[in-house]
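Just below sit the structures, each encoded as structure tokens.
After this come two complexes, each holding chain A, first together with chain B and then together with chain C.
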Partner chain A sequence: MAIVLENVSKSFGKKKALKNINLSFEKGRIYGLLGPNGSGKSTMLKLMTGLTFPTNGTVTLNGHPVTRKSSEQVAYLTELDMFYDVFTVRETVNYMASQFADFNIEKAKELLQELTLDPTQKVRSLSKGNRGRLKLVTTLSRDTDAILLDEPFSGLDPMVRDSIINSLLKYIDFENQVLIIATHEITEIESLLDEAIAIHYGTVIGQESVETLREEQGLSVLQWFKQISREQGEG
Partner chain B sequence: MNPMKGLLKKDYRISRQYFWIWTGVLVLALAAGIGLSIYASQPAGTLPVLVLTSFVHFAFAPVFMLSLLNLESKTQLWLYTPRRGIELILSKFGVIFSYQVVLQILLSFYAAFIIFWFGREVYEPISFRLFLEAAVLLNALLLMVGFYLTTWLTFLWTVFHSLKNLAKTIRWIIVIGTVFLYNIVESFLLSLKPIKNLINKFNVEVISEAALSYKDEQWSVMFGSTDIPVLPLIYYALLMVILITAASKLLEQKVEV
Partner chain C sequence: MGEDFQASKPIYMQIVDKITSEIVQGKRQPGDKLPSVREMAVQMGVNPNTVQRTYAELERLNIVETRRGQGTFVSDNKDLTEELGRNMQDEIIKSFIQKMEEIGVDRKQIVTLLQQYLGEGQ
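Coming up: the complex of A and B.
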């Protein structure tokens, strides 16, 4: 499993969201896409899911160009709410199960129980934290090769953040899946990451193995990110 | 649950509240028609209500489709699927079609009720067989026109959302320009004599109008018939297939979230 972005640019009108990106993501690794709000992290994930298309360049998944159909192989958690408010929690899970052949309903039931979500509760009456949990249930219940998480901690309290981290550790097959987490909350995921990729206004400004950072440079991911962001600002 | 069943179930679920509101308003309007006719001792007063509510149902399918598409555009869930664009669109068409059939059956029962019972003394007597023939044809026509407009609306919606990179004003100009251009081409083709002749070659006769007449202090209703050409119906059916196919492709390959 590999997701490859080659010379990818993406524009929205006159605004360039991504500029000439070249990246490769391999299975068995956890990547952190790090950058401030509006740096192009979400656009990059959407390109990998087939929800948006590159203006230039190519995005491939296992050697094939990414299309809408690629969502079959990519589980994606969006930063936005992607629920139908009239659904109950159970209906949401059943709908996702009907659309994706790899959706593991048993895993979903287990996750619902673990994250203490009531299957009969209406989505519209869920708290923000529980909506975050439900997003995680629908994403982690899929047995896909790639899992993309866009700001999984956005607006959530520390308790929910902890439960999300625990679920990630428990339900992700670290040998066979590639996990890409886009976030600006670096400290939350630092302990999970194998590789950190820093994005600054549509450009990749750095990519490092977290182990190398710690052992050879003696830097945390946050320190490294601050350092290269500063250099970028000065440059 | 198979994916198409899942899509249909979802579309019913997200739209059923709108449907009940629409049905409630319709029932109230029909009941008001009867109530006012009784109050004025003019059973023919039910006719304007029937005509008006039937006429409004030309807009039912496009209005419903627009509200469903706008609801979907608020989230990313609809397009985050391996299902083909045609499946996503046909699921919505299927749901709206079933709603429209239910509403038209309700209107047909109302028509039968006022013609054969409530207003039998003032409506021109027709056989039940003629009523059935007219009901089937007029209902088919209502469905076709409604879905023809819905097909255009769906196509134009996907065109508008495919042009996300352009300014909104330009997108609107392109959408309105497409409709304008199509109408110019269609009008030109219809002005050609060979096409005019071809169109009028095959016709079917249907009851198309009901007129009120006033005599001896009593309103009564008379029916009239008209010829409907068949070939344009085939042409519009083909055009609908083309528009839906184009909308599906745009949805799959160009519409972004």
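Coming up: the complex of A and C.
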């Protein structure tokens, strides 16, 4: 699996959300799209799922341009709430299974157990943490080439974050999948990443291997991110 | 989960140090099997590629050996624990002396101070 963005720009009306982005993502690796709110991270993920299309440039999955059907190959966790309140946890899982041919119901059951979600509980009565967990269950249960997570930790307490990271590490199929996590919470995922990509007002201002950063510059991802953001501000 | 890592050193090397220290402390014995890459990644909360590098580095240092189809094991070498222990002691002493010299304590003073601290030479 490879996702490639070539000279991609995206405008919403007069506002330029992304400017001339060139990136590629390979299977077996975990990427962090890092940037503050409004930097264009979510737009970038939506371009990869075929939920929106570039104003200029091309986005390809395994060499084919992204279309509306690309969601068959890409599992996407949105930052928005995506469930029906009247469903139970089990009904939600079954509903997702009915929508996606690649949905692995066995994996979903394991994940529900792993994350201690009660299948009989109504979505409406789930705590925020458990909603976050359920979103992860339905996303990770798909046997897709790519898994895209948009702010998977936002508003969740440290215990929930840990359990999410744990499940990611257990259930990602590293032989076949690429994982891309968009977040502004850098410290949480630092040790998880192969590569960090810094985004600032719609442009990529840096891309580094996390271990190389430490080895060659003695910097954590957060330190690096702050440094290059500051340079942007000055320049 | 819950390992904390320093910024100044690659994560894979910090896990190398951790496993080495566990061998020196006897928590891992020669011949013991290490967790699989995936299990170790989950335990440490790190990327499996990082653990892969840790194991490769440990293997290069002859601290572990990979047996085909069986996994990764602490080298079955009786001298290993002693040898790693000595290396670690050397490193700790070296960094201690370096820090003392940085703040202007000479080697003779270091010895005196150490003896005093340990309650000897009084």
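As a convention for this text, the second predicted complex is superposed on the first by the 235 of 235 C-alpha atoms of A that agree within 3 Å, B and C clash if a C-alpha of one lies under 4 Å from a C-alpha of the other, contacts with A are read in each partner's own complex, and residues count from 1 in each chain.
What we mean here is this: a residue touches a chain if its C-beta (ideal position, glycine included) is under 8 Å from a C-beta of that chain, and two chains touch if they have at least 3 such contacts.
Here the structure is a predicted model, which is why all the values come from computation and not from measurement.
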* Should the superposition on chain A be reported as showing a clash between chain B and chain C, or a fit? -> fit
* More chain A residues touched by chain B or by chain C? -> B
* To do: Check whether A:Gly63 is in contact with chain B, with chain C, with both or with neither, and answer first, second, both or neither.
  => neither
* After superposition on the shared chain, which partner residues are touched by A:Arg29: those of chain B (first), chain C (second), both, or neither? -> second
* Check the residue A:Glu215 against both partner chains and state whether it touches chain B (first), chain C (second), both, or neither. => second
* First (chain B), second (chain C), both or neither: which does A:Gly233 touch? -> neither
* To do: Using the touch definition from the top, say if A:Thr78 reaches chain B (first), chain C (second), both or neither.
  => first
* To do: Quick one: the Cα-centre angle at chain A between chain B and chain C, nearest 10 degrees, please.
  => 160
* To do: Considering only the touch criterion stated at the top, classify A:Leu192 as touching first (chain B), second (chain C), both, or neither.
  => second
* To do: Look at A:Tyr95 in the shared chain and tell me whether it touches chain B only, chain C only, both, or neither; answer first, second, both or neither.
  => first
* Asked: Which of the two partners, first being chain B and second being chain C, lies in contact with A:Phe12: first, second, both, or neither?
  -> first
* **Smallest separation of CA atoms, chain C relative to chain B, angstrom** => 28
* Interface residues of chain A shared between complexes with chain B and chain C -> none
* Touching residues (chain side chain C, partner chain A) in the complex -> 1-3, 5, 7-12, 38, 41-42, 44-50, 53
* Asked: Which residues, counting only chain B, touch chain A once they are in their complex?
  -> 1-3, 5-7, 9-10, 13-14, 17, 75-77, 79-83, 85, 164-167, 252-254, 256-257
* **Residues of chain A defined as touching chain C within the complex** => 28-30, 162, 165-166, 169-170, 174, 190-194, 210-211, 214-215, 218-220, 223
* **Interface residues, chain A side, partner chain B - complex** => 11-13, 46, 49, 51-53, 67-72, 76, 78, 80-84, 86-87, 91, 94-95, 97-100
